[in-house]
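Everything below concerns the one structure shown next.
Chain IDs A, B, C and D follow the sequence of writing; residue 1 opens each chain.
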Amino acid sequence: MTKTSTGTTKAPFVHEIRVGWGHCDPASIAFTGHLPWFALEAIDSWWETHLGGDGWFQLNIDRNIGTPFVHMSFDFSAPVTPRHRLMCEVTPVRLGTKSIEFRVIGRQDGKQCFEGRFVNVFVISDQHGKSIPAPSDIRAIIEPLLLTLPIEAK
Amino acid sequence: MTKTSTGTTKAPFVHEIRVGWGHCDPASIAFTGHLPWFALEAIDSWWETHLGGDGWFQLNIDRNIGTPFVHMSFDFSAPVTPRHRLMCEVTPVRLGTKSIEFRVIGRQDGKQCFEGRFVNVFVISDQHGKSIPAPSDIRAIIEPLLLTLPIEAK
Amino acid sequence: MTKTSTGTTKAPFVHEIRVGWGHCDPASIAFTGHLPWFALEAIDSWWETHLGGDGWFQLNIDRNIGTPFVHMSFDFSAPVTPRHRLMCEVTPVRLGTKSIEFRVIGRQDGKQCFEGRFVNVFVISDQHGKSIPAPSDIRAIIEPLLLTLPIEAK
Amino acid sequence: MTKTSTGTTKAPFVHEIRVGWGHCDPASIAFTGHLPWFALEAIDSWWETHLGGDGWFQLNIDRNIGTPFVHMSFDFSAPVTPRHRLMCEVTPVRLGTKSIEFRVIGRQDGKQCFEGRFVNVFVISDQHGKSIPAPSDIRAIIEPLLLTLPIEAK
């Protein structure tokens, strides 16, 4: 359970990924180049779940809203392997006027493998260069889900 | 339901794939280069399900058995998009002395998007160049699952 | 040197790919799921070279012409590894009214690793479902490059 | 030209990547999930160039040395597209006792698209969990190449 900005607790959103043979390098662990893709897939799935089925594809194509990345960072703490499913916990941690920050924690068998931070800006999809304020209906959905992070967290 | 070589009918094995924004090209459909990866993931998942949790990773690392590809072919009949999950039906259609052939049919919303055929040979994993007969325990698992294809099918 | 339909000989078009650690699976060879992507990249590069810098991206975005895949097949004969660059020879082998077929042969250190066949149809890019005749300027470029294959080749 | 720790200037190491149709999403720019892969390929190529042909594959397989990632971060400033080659400048910026930090700047047509930082630790390849000091021959190669960054950088 995580405590949100409204003081309520919520079950975290977790996206499950099947790590397979093809993701692994000769060290027999998932190649690092796949991990950002996994985290992005988890964020895409977060949108899909919270916007009534609209992931990035529908958000862009049907609503003309894009959320390109301006920042991404990862700390890797344990290898990812096909021995267990990769459980990616996705949490919005900050909603700016024109941007949103997500935290994604990847775990296998209960053990943390990586933590990532991702900052997206809102844009009109067919005018990619110009950021816009987060649409109000989307803001209304996200605000109650924002995680209250301890002060020391970045 | 499909009719197998033993005359029984079985529910087909179906592996579900979440097609996302990142898989799509500027034509707003999944880029063709991702489709073989999807089909291979479905075959890997077929092994995992039928060998008690052992996918290609465990088959290679724990059992020292590899199944490299010698042939792959696809007919594409409809675009794959993020609008629906991609349901990949995997069926073994031929078991030779040293090889196995799979058919993978990809469907979205009930409509066929592609059909692929894949031939793998059995090898000792750490002696990749030399094919071996299919191990007898694996043969015993696969034989009852083989699909009886109509004569005209390749 | 290859003999073309016009009886002239031409140096084959070869696209070079750097195979890296991240492409390899725990068997220490390139994972099969990457090979179709490599072949497609080589075909994209073929277009770019022969259409004055217009690869699939420019063909679709600037010329509104798409070439989606209807068929793809591969025979794999040797593993692909990072020990050598992967040299992909791309040759158009058939130009139908509305379709084109390419052959891609992948070699490392002179040894053939795979041969693939790829059939694309021409479409208006923003009306993806409907095939069109190959545009005449494109036909004029391709025809002299067509390879005369021996009868027994498919 | 960049100034190194030894006070000499060196031409920067640049790895070129062909961005293609398949890398682009429906916004007609390279999908963010591909960019870390591009940067990693550039770092792999940096090793290959500076270790006499030994990239990550040879470093792991032939020398039993691995360099797994413990940190990765990106700031994205402009979209990556197939209109230009992606030129990835790779520079080692810090060499710790057991770790190395790289900076990768991706540019197209002279314009910066992203800057990334990557921290790897040295390990014995077949004992992945335990870091080791950077091997002395490798340290000797890297030290003269280290970039002297202005204080405010990082």
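Odds and ends about this structure:
The criterion applied here is as follows: a contact is a pair of C-beta atoms (placed from the backbone, for glycine too) under 8 Å apart; a residue touches a chain by one contact, two chains touch by 3 or more.
All of these numbers come straight from a predicted model, not from anything done at the bench.
Think of it this way: of B-D, A-C or B-C, only one pair shares over half of the A-D contact pairs by residue number, and it is B-C.
Interface comparison, B-C versus A-B: the higher number of contacting C-beta pairs is recorded for B-C.
The greatest centre-to-centre gap from chain B, using C-alpha centroids, is found for D.
Centroids of chain A and chain C (each the mean of its C-alpha atoms) stand 36 Å apart. Inter-chain centre distance (chain A to chain B, centres taken as mean C-alpha positions): 30 Å. Between chain B and chain C the centroid-to-centroid distance comes to 25 Å (mean Cα coordinates, whole Å). The set of chain A residues that touch two or more partner chains comprises 21-22, 24, 26-28, 32-33, 37, 40-41, 57, 60-61. Of all residues in chain B, only 26-27, 29, 32-33, 35-37, 40-41, 57, 60-61, 66, 68-77, 79, 125, 128 touch chain C in the complex they form.
Within the complex formed with chain B, the chain A residues making contact are 18, 20-22, 24, 28, 37, 40-41, 44-45, 55-58, 60-61, 81-83. Across the complex, chain A meets chain C through its residues 21-22, 24-28, 31-33.
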